[in-house]
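Letters A, B, C, D and E mark the chains as written, and numbering starts fresh at 1 in each.
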Amino acid sequence: MFELLGIPPQALFGQLLLGLINGSFYALLSLGLAVIFGLLNIINFSHGAQYMMGAFVAWMALTWLGIPYWGALIIVPLVVGASGVVIERLMISRLYHLDHLYGLLLTFGLALVIQGLFRNGFGVSGLPYAIPAQLSGGQNLGFMFLPNYRGWVVLASLVVCFGTWFAIERTRLGAYLRAATENPTLVGAFGINVPRMITLTYGFGVALAAFAGVLAAPIYSVNPNMGADLIIVVFAVVVIGGMGSILGAILTGFGLGIVEGLTKVFYPEASSVAIFVIMAIVLLVKPAGLFGRTA
Amino acid sequence: MSSPDIILSARKLTKRFSGFTAVNGVDLDVERGTIHALIGPNGAGKTTCFNLLTKFLQPSAGNISFNGRDITGLAPAAIARLGVVRSFQISAVFPRMSVLENVRIALQRRRGDSFDFWRNQKVLNAYDEEARERVEEVGLTEFIGETAGELSYGRKRALEIATTLALEPEMLLLDEPMAGMAQEDVSRISALIRRIAAKRTILMVEHNLSVVADLSDKITVLARGEVLAEGPYEAVSKDPRVIEAYIGAGHG
Amino acid sequence: MAEAARKIDTAAALAVRDLQAWYDESHILHGVNFDVAPGEVVTLLGRNGAGKTTTLRAIMGLIAKRTGSVQFEGRELINLPARAIAKAGIAFCPEERGIFASLSVDENLMLPPVIKPGGLSRDDVLTMFPNLRERLASQGTKLSGGEQQMLAIARILRTGSKFLLLDEPTEGLAPVIVQQIGRTLASLKQQGFTIVLVEQNFHFAASVADRHYVVEQGRVIDMIPNTEIQNNLGKLHAYLGV
Amino acid sequence: VDVKLGVLNDRSGIYADLSGEGSVVAARMAIEDFDAAAKGINVEVISADHQNKPDVASTIARQWYDEEGVDVIVDVPTSSAALAVNEITREKGKIFLNSGAASTDLTGAQCAPGTAHWTYDTYALANGTGKAMVDNGYKNWYFLTADYAFGHSLEENTTKVVEASGGTVVGSVRHPFPGTDFSSFLLQAQASGADVIGLANAGGDTVNSIKQAAEFGITQAGQALAGLLIFITDVHALGLETAQGLVLTEAFYWDLNDDTRAWSERFSAEMGGSKPTMVHAGVYSAVTHYLKGVEASGDKATEGVMDWMKSNPSSDPVFGEGELRADGRHIHDMYLFQVKSPAESTGDWDYYKLLATIPAEIAFRPLEDGGCALVE
Amino acid sequence: MPIGTPRHHIAIFAGLLVLLLIAPFVLYPVFIMKILCFALFASALNLLLGFGGLLSFGHAAFFGSASYVTAHAAKVWGLTPEVAILLGTIAAAFLGLIIGALAIRRQGIYFAMVTLAFAQMVFFFALQAPFTGGEDGIQAVPRGSLFGMISLANDTTLYFVVLAIVFGGLLAIYRIIHSPFGQVLKAIRDNEPRSISLGYKVNRYKLAVFVMSATLAGLAGSTKALVFQLASLTDVYWTMSGEVVLMTLLGGMGTIFGPLVGAAVIVTMQNYFASFGAWVTVLQGTIFVVSVMLFREGIIGVLSRWIRKPL
């Protein structure tokens, strides 16, 4: 049996698959971030907190209301998305005419508030959330044991990512959104209700984060810090993909999941820096990111 | 007959954007001390030519020389330092600085690069007098303390010209200096251009034909990235191809 | 009923009364008054900084602080947001063109939603501006300055709005194209469009407009019908330096 | 005597549940139970959040000693923060009763005259779990190690114990800290064929590792998991379904005996039902012993109190009998537990079954091995 | 209108100096020293952000690496404090030169992200390198004696040294902003292509201001290491970069005194909220949100608008 750099090919296969699974989360999260960031020009620092809310609300729905996983998958993004709508209406909408930095500052503050509240309410050790019965167990693929749930994560994320990409890149809505990013006043002068559109888009981006949160609840610890740890990496993904590029965010999310998976095998110590090294290289070679439009 | 004194020349200048050739093998010779106009229909490649000559774009092929020296490989700032200064088609001022500061920043260039971060900016007061004169020349004295971003469009253009002139460039590249300018300003700026042309060379893009007719010594007509015709206004304006592509039947 | 209809019919398409506008603290328009009859082409002439652009923007609802009255087809617009004004049937082509960098030429063209039936089709527009057809797939802001101007005009012709506010539409255009725009405006007028035009190119203005309003320091100070333009050259010279 | 006691710990980060407000409650309980006021000792308790950052901890400690007149700082989880407070305490000549931190340096190279390290340390954990597992036939180890000094030292300590007890270490992988997804590392661990996967990490990393090990069927496939630093709050977060079978070492469990049950009952009543962790218990035990020292020496001067504390055995309802060594190490029995299966558990917080008691004398690093300058 | 140093700036600097000279006798000196260090750090960032128009999201790299170098120099090599600080500052300048040379090739948010990326690399280096002590940091750094003569063990003595360093740094920044160089920076921030067309080598200016900012951030980090006798991962972590951006924004970016106020507010907040336990983050977050909603231009920005004078 031949080996690749000391790793049997089957193990490598397993690791690639795991990378893809992690990539699903990166893709979903960076997609939400790219939608908000690329289309509304808001650096949504509270994205991680909103992802965490997704997981917590799913937990609450199950524990307090008895709503199972499948219900949560629909309801939670709606609920958390609605909270996003409120935040946008009350606060973010007043900052559009200012430098992007203010959006960042606000959402950073919001993230602190949200995380703090959840910490107070639920502690930091995390809460258990079981894998839904229909998806427990797994498949023995020969080279590895693939939990059914992980397979589902990849599938769900692919479907959502593709749907979003289609809605934004292939429909008029997307053109409106992109135009509104550049010059909202003029788009308004064409008769389009820009504020409402922006509000809903923000809500949608937040809902994507929450959706990722629900997906994550059964496999990662549901705790108030779960998003904070991830947000910087996801930022990097969006940047590498090219800000504002939906496709870029998706492909880079999956791609970096895989690259990270490989570093975990060959040079595990570097697996969390790898993304930043790639980001630096990409930005120096292709300033607008892999799929970004040059301004 | 002595050969004409060519200050700027381009040979086989070409620029391709992914699959689209905007400028295609253009030869251009600008004679010292003249006003040379570059005209042509929209999208002919005039601005692109300007961008190539000042190296804001990298030519796909061809070379450029200034005062007999090959400048094809230089950076934009270096070209400006040699004395070839351009204006922009979309007006370019420093929007958050005052009118005076706009002009002074150009005058300050004469000190060379201002890396002297330890010095008090009071040293720049030395340029105020001259800056005022420049502002006066374009008729903006009234607005001298105003923030440039709040000026009306036409005044921004005037300010831009004042700034460019402040560099005392050997050669000026003006991209549609009169666009959006009110009639009376057009006459004033025309006069100004004529005045400064006495000591300098000017290459300009302009769609206002009366200005072109009035000012230019020589005209190059571009169409679809290539030189269509060249010569003095009288000759060019009678060229049927130019009439068809640019001037149109209804004019004059 | 019939009488009421006739009354609206005869009323001005647009009546601007005592329009005042401010940018932050600075008071720019000090009471602009003018009327535009249906099917008419009028221009606003004036020096740089006179307030022509500001007038158009104020009509369009793009200036936050404005007072006075803007009646469009009998309807008061002064307190409506820009999008409602657009929906009422006024289309605006800004001075700085407003081409979107993140959209292709085609997307830019198709961007403004159709407000009413009866607008030009995509094909009509592309026939009118053949330059654009070749460049449909490029990024909007990669067009040459003049091409961008064409695109900016072209896209609002699609919306079906019959009332156009055009801010210096011929700026930066080659004479052939200017003539073509002149013909386009004439044909639009024939089709019943009403147009308010801000122009610096006086010859062009004279060739298309019915009447000219002269703006100075945020006020309309004079009105000259196009037919009497020859008799008023002296006055115009004083106002505009023509 | 007026004594000001500052509880400095994590109140918002990953250690907030295992220390946090609970430590303040535990300290208050100790003061109450000691009936300090009646003995003429007025104790004021203040508290602060060090956010697990050494710089924040050192700033607060400095200010407490300099400005607020604090005499003794208690708890301080997170080794880096604890070491910072240790230094300031040394400089200012005050007392530091550490319960929350793991670093053996506190009683080794960095030991200080005013510092007592009360509850546990990496040596005790590694020793308890490592030795017991090997003794039970789990000979081949593979480590999943958090890639920073704490993880390294945990791995190193455990490796020594494992090898000394006749086991072998077949490999290890270092994961970034903090991490989210451990499946890749777990599969590498699985592929190694080891009997035990030793989790040389802490907090959320440990919780996630265990959760994902269950998901990938690692434990079902026959490998055991050994948590090298895991608290009852982590088990609570995981749920028994996931955590069952895990072997771990602790200094305290609420359900050990009647004393601990009674004390924990009171603690829970004040903490909204949560049971105390060993860190909370350690705070209680340490403060109790400290107050005895103050009472005995009649004032709060550091030297006198520390002398008394080191020369008299400690005794309290949570740790039972114990002793404070010259290097500042408090020694007491440690316990090896296994997490119950859901079927075995009879109610809330009924999580552990006792596998072994590790006597105080062998639970901790021998006095002479630490290299503490206070030990002559 | 000729330019010169406005009277009220001179007055404010003088007033500030007087206040700071009295402060250690009224307030806890270590606390003020912390504010001073962060004030310098935030002002250094502000030089880049507010006056160079470049948002660095990786300034912790300079602050932190300087603090490590100083700590190491003082503790392991036993150098005197002034030499240790000098070494730390030079290290930061050098790092700034390398990171800056790569980063300034990109603009806007991309610039921010490149700096963040490099800062993350520095962070991981600090986490792994043997000399930094991992997450324990370098502890118990000796304060030593200035020039080998004046012992800095006493907080008040140290305070005046720190005051001199920080105040010197602030004046240097003030001068940089109000120099011919500063004028060019302003122009570049306003309209970069136009500056190029006027013949300015824009990238050199950007690099220069980047290095200056990194150097001053390093000076702040070095000083901090001596004050707290500690260099730790917190100093190089990305939240530190975020925090200093917040200080600058809260105080008012592009103002002269804003970063000082921002630093003072945030440091004070952190200090006083330390006893609020788990509510710390909630309170901090709320304050940020409120200040973004109510004082968008930052505290000093608003003030400056009220009195219609640049501050």
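Keep in mind that, in the parts below, a residue touches a chain if its C-beta (ideal position, glycine included) is under 8 Å from a C-beta of that chain, and two chains touch if they have at least 3 such contacts.
Each chain and its UniProt protein: A, E = Branched-chain amino acid ABC transporter permease; B, C = ABC transporter ATP-binding protein.
Treat the numbers as computed from the prediction; the structure is a model and nothing was measured.
**Student:** According to the touch definition, list the chains common to the neighbour sets of chain A and chain C.
**Tutor:** Chains touching both chain A and chain C: none.
**Student:** Taking contact as defined at the start, I'd like the list of chains shared as neighbours by chain B and chain E.
**Tutor:** none
**Student:** Could you give the fewest steps needed to travel from chain A to chain E through chains in contact?
**Tutor:** Steps on the shortest route: 1.
**Student:** With chain centres set to the mean of the C-alpha atoms, which chain is at the far end from chain C?
**Tutor:** Farthest from chain C by mean C-alpha position: D.
**Student:** Please identify the chain with the largest separation between its CA centroid and the CA centroid of chain B.
**Tutor:** Relative to chain B, the chain with the farthest C-alpha centre is D.
**Student:** Per the centroid of Cα atoms for each chain, what is the distance between chain A and chain D, given in Å?
**Tutor:** Centres of chain A and chain D (C-alpha means) sit 36 Å apart.
**Student:** Can you work out the whole-Å distance between the CA centroids of chain A and chain B?
**Tutor:** 48
**Student:** Please compute the C-alpha centroid of chain C, do the same for chain E, then give the distance between them in whole Å.
**Tutor:** Centres of chain C and chain E (C-alpha means) sit 51 Å apart.
**Student:** Calculate how many whole Å lie between the centre of chain B and the centre of chain D, each centre taken as the average of the chain's C-alpha atoms.
**Tutor:** Going by mean C-alpha positions, chain B sits 75 Å from chain D.
**Student:** List, in ascending order, every residue of chain E touching at least 2 other chains.
**Tutor:** Residue numbers touching two or more other chains: 128, 278, 280-281.
**Student:** By the touch rule stated above, which residues of chain D touch at least two different other chains?
**Tutor:** 12, 16, 147, in rising order.
**Student:** Looking at the whole structure, which two-chain pairs count as touching?
**Tutor:** Result for touching pairs of chains: A-C, A-D, A-E, B-C, B-E, D-E.
**Student:** What residues on chain E touch chain A, complex-wise?
**Tutor:** 55, 102, 105-107, 109-110, 113-114, 116-118, 120-121, 124, 128, 238, 242, 245-246, 249-250, 253, 278-289, 292-293, 296
**Student:** Which residues of chain D touch chain A in their complex?
**Tutor:** Those residues of chain D that touch chain A are 12-18, 147, 173-176, 178-181, 183-185, 187-188, 191, 204, 207-208, 211-212, 215-217, 221, 233-234, 236-239, 241-242.
**Student:** Residue numbers of chain A touching chain D in their complex, please.
**Tutor:** 11, 14-15, 18-19, 21-22, 116, 119, 123-128, 130-131, 138, 144-145, 147, 149-150, 219-221, 223, 225-226, 229-230, 261, 264-265, 268-269, 271-272
**Student:** Report the residues of chain B in contact with chain E in the complex, numbered from low to high.
**Tutor:** 54, 56, 75-77, 80-81, 85-88, 92-97, 100-101, 104-106, 108-109, 111, 113-125, 128, 145, 163, 167
**Student:** Using the touch definition from the top, list the residues of chain A that touch chain C in their complex.
**Tutor:** Residues 172, 175-176, 178-179, 181-183, 185-194, 244, 293, 295.
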